[in-house]
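Note that chain A is present in both complexes that follow, paired respectively with chain B and with chain C.
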Partner chain A sequence: MDLKFKNKKISGILSILPSTIVKFEDEMAYYNFSAAKSLKLKMAMGYNTHRIAKNGQCSSDLCIHGLQYLFDNGLLGKEEIDALLFVSQSPDYFMPPTSNVIQGHFGLKSDMICLDINQGCAGFEIGLIQSFMLLEQESINKVVLMNADVLSPKVSKRDRNSNPLIGDAAAITIVEKSDIPSTIHANVKMDGSNALALTIPAGGFRLPCSPETAQMEEDAAGNFRSKDNLVMKGDDVFNFVMREVPPMIHHLLQIAEVHKEDVSWFMFHQPNKFMLNKLADAIKVPREKMPSNIVENFGNSSGATVPVNISYNLGESLLSSSAKICLAGFGVGLTWSSILMDIGNLNFNKTINF
Partner chain B sequence: MKEKIIAILSELRPEFDFSQNINFIEEGMLDSFDVINLVTELESTFKVSIDGIDVLPENFSSIDSIENLLKKNGAK
Partner chain C sequence: MDEFLEQLADIFEVDSVKNDDELDKFECWDSLTILSIIALTSEKFGKQLSNDEIRDAKTIGGLISLINQK
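Right after this comes the complex of A and B.
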C-alpha cells in the first residue's frame, strides 16, 4: 500500500538506553555451543554488547524518563501534546493502555488522544504513518511518538537465536505539522499468514502462562526456551526480509521519483549485521550508507532501533542541516514498511542513559 | 572447488563427514547459524559475494548445491 503525506515533519528524536551493558562473551556460557563457534557467529552477526533494562523496569519507565528529560530541558511543553502514541510489544498491562498510564503520570490535558499500537520491528514506520494521519486533523498539531520495548525478560538466556541480539530501549519522536511544503512517501505491507514466525506463544488469552508453559525445551539447534519466551523462525524471517525488502525500497524510490544516489542515508531496522550487509548489497547501495552498528552496540530494540540508529549515528549533524533519509522496518506481523522523507533542522537528536 | 568446500565444512562442523552423499540440512549437520558462518567463509575463500536472496537452506544441502551457488555468484 502506497501512502503520501504533505507538510509534516519530525522535529526531535530522543533515545533512551538502559545503562546496564551486557557483553556477548559474558553470556556465551549459557549457549549449548562451543566458544569458538559462538565467537564466529559474533563476528558474522555483529554481536558485541547489548543494553538490558533493570529488573522490574518497564517500557513505560524508559518513556517517562525521556519525557521528563524533555520537559525539564524545555524541549517539549506538556500543553503542546495533542496525541501520545505508544508503540510496543511490552505494555505495562493488557488494560489500560500504557499511553494512558503515561498521560496520567504527567497529568497531561484530557483534550488529547492516547493510543497504544502493538507493533515490533516496523513500529517506527507504523508509528510515523499513524502520526502523519493524526496530524491531518485541524485540532492535532503535535504528536509524541514513543517506541519502546523491554523484551529481555521474555527471552531465554539459553537461546542463541535471540538472546545475543535483544536490546531494551525507548525513543521519543516529536512529529508535527510543517510550514515548509514537503511530501513524504511511504508504503506498508502485512502478511498475517506468517504471523507466528516471530512470537511469544504463551502469556496472552490464547495460551495463558502456567507451570507447563514455563517448562524449558531444547530445539533441534540446541537452544533452550519455554513457551513463555520469545521464539523466532530465523531462517523464515531472513528469507522474508531478503525477498520483500529490496523490491519495497525500489518501489518507494520509484514512486517518489528519487534516485537512490540522492538518498543520504538508509536507516533500517537492525536484526543483525549480516542481514544489513546483504540488504545493502541487494538494494545496491554502499554499506556505509546503511549503518549496522546499533545491534552491535545496543542490541535490537524492535521499533526503537531505527530512531536509536538516527540519534546515535546522525546526532548533531541533523540539528543544523537536513538529509533525505529512507527508513525501513521489517519483522513481527509479518510487517514491512518504508518511508522516504527529509529529516533535519531538529530541535534535539540525542541518546541518553537511564 | 569441491575439496575447498569440504575443508570449510569440516572446519565448521568437525564432527560430521561432509564427503557423504546426504542432505546436510535434513540430517541436521548444518543449522541456520552454520549457514551464516559458511556464507562468510565461502565469500572470503572464493572472493565472491553471495546474494542474500540465495541464502536458502536448499542451496547448502550438498557439496554440489554449494558449488552451484558459488558458480552462480561468480566463483571460478
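Right after this comes the complex of A and C.
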C-alpha cells in the first residue's frame, strides 16, 4: 500500500542504550557448537558486542530515562506533547497500555492521545506512519514516538540462532508539522499468513506460561529453547527479506520519482551484517550507503534499530545539514515498510547510555 | 554449474565436492553452512530453498537436483 504525507518532519532523535555490554565470546560456552564454528558464525554475521538491559529493567524504563533527559536538557517541553506512541513487543502489562503508564509517570496533560502499537522490526516505519496520520489533525502538533524493546529476557542463552544478535534499546523520535513544503513517500505491506515465522509462542492468552512451556527442547540445528523463548525461522525470514524488500525499495523510489543515486543513505533495520550486505547487493546500492554495524556494536533491538542506526552513524552530521534518506523495516508480522524522506537540521541526534 | 560446485566447495571448506558427498558429514556443517547455501542459490539462480529442503537433500547430488527442480 502506497502512502503519501505532506509537510511533516522529524525534529530530533535520541537513542537510549543499556550500559551493560556483553561480548560474543562471553556466551560461546552456552552454545552446543565448537568454538571454531561459533567464531566463524561471529565473522559471517558480524556479531561482537550487544547491549543487555539490567535484570528487571523494562522497555518503559529506557523510555522514561530518555524522556527525562530531554526534559532536563530543554529539548522537549512536557506540555508540547500531543501524542505519545509506544511501539514495542515488550510492554509492562497486558493492560493498561504502557504509553499511559509513561504519561502518568510524568504527569503529562490529559488532553492528549497515548497509543501502544505492537510491532517489531518495522516498528519505526509503522510508528512514523502513525505519527504522520495523527499530525493531519489540527489539534496535534507534536508527536513523541517511542520505539523500545527489552526482549533479551525472552531469548534462550543456549540459542545460537538468536542470543548473539539480540540487543535491548529504546529510541525517542520527535515528529511534527513542518512549515517547509515537503512530500514524504511511504509504503507498507503485511503477510499474516506467515505471522509465526518470528514469535514468542507462550505467555499470551493463547498459550499461557506453565511448567510445560518452560521445558527446554533441542531443534534440528542443535539450539535449545522453550516455548517461553523467542524463536525465529531464520531461513524463512532470510528468504522473505530477499524476496520482498528489493522490489519494495525500487517501487518506493519509482513512486517518489527519485533515482537511487540521489539517496544519501539507506538506513535499514539491522538483522545482521550478512543479510544487510546481501540486501545492498540485491538492491544494487553501495554497501557503504547502507550501514550494517548496529548488530556488532549494540545488537538487534527490533523496532529501535533504525533510529539507533541514524543517531549512531549519522549523529551530528544531521544537526546542521539535511539528507535524503530511505528507511526500511522488515520482519515480525510479517510486516515490511519503507519511507523516503529528507531528515536533517535536527535539534538533537545522539545516543545516551542508561 | 561448475562454478556453483566450486562455490559450494568454498562453503564446505574443501577443495572439491562430489555428487555422493553427504552434507552432514562435512566438518563445517551447521546452520551457517545452510544459510550460506540459501544465500548462494538465491543470488545465483534466484531460487529460494528452506533449511528442511536442504537437510532432506542429503547429498551434493541431491542438492543439485533440488535446485534444478525449483
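Keep this in mind: the second predicted complex is superposed on the first by the 354 of 354 C-alpha atoms of A that agree within 3 Å, B and C clash if a C-alpha of one lies under 4 Å from a C-alpha of the other, contacts with A are read in each partner's own complex, and residues count from 1 in each chain.
In this text, a residue touches a chain if its C-beta (ideal position, glycine included) is under 8 Å from a C-beta of that chain, and two chains touch if they have at least 3 such contacts.
Not measured: the values here are computed from a predicted model.
Using the contact criterion defined above for the overlaid structures, shared-chain residue A:242 touches chain B and also reaches chain C. Touch criterion met: A:44 reaches chain B and chain C at once. Contacts of A:101 after superposition: neither chain B nor chain C is touched. Legend: residue contacts after superposition of the two complexes on their common chain; A:334 is shown touching neither chain B nor chain C.
Touch criterion met: A:220 reaches chain B and chain C at once.
Shared-chain residue A:253: touches no atom of chain B or chain C. Legend: residue contacts after superposition of the two complexes on their common chain; A:279 is shown touching chain B, with no touch to chain C.
In the superposed model, A:230 makes contact with neither chain B nor chain C. Chain A residues in contact with chain B (one complex) as well as with chain C (other complex) are 37, 40-41, 44-45, 160-161, 220-221, 234-235, 238-239, 242-243, 274, 278, 281-282. The touching residues of chain A, counted against chain B in their complex, run 37, 40-41, 43-45, 160-161, 220-221, 234-235, 238-239, 242-243, 274-275, 278-279, 281-282. Listing the residues of chain B that touch chain A in their complex gives 28, 31-33, 36-37, 39-40, 49, 51-53, 55-57. By the touch criterion stated above, chain C contacts chain A in their complex at residues 28, 30-32, 34-36, 38-39, 42-43, 48-52, 55.
Those residues of chain A that touch chain C in the shared complex are 33, 37, 40-41, 44-45, 160-161, 220-222, 233-236, 238-239, 242-243, 274, 278, 281-282.
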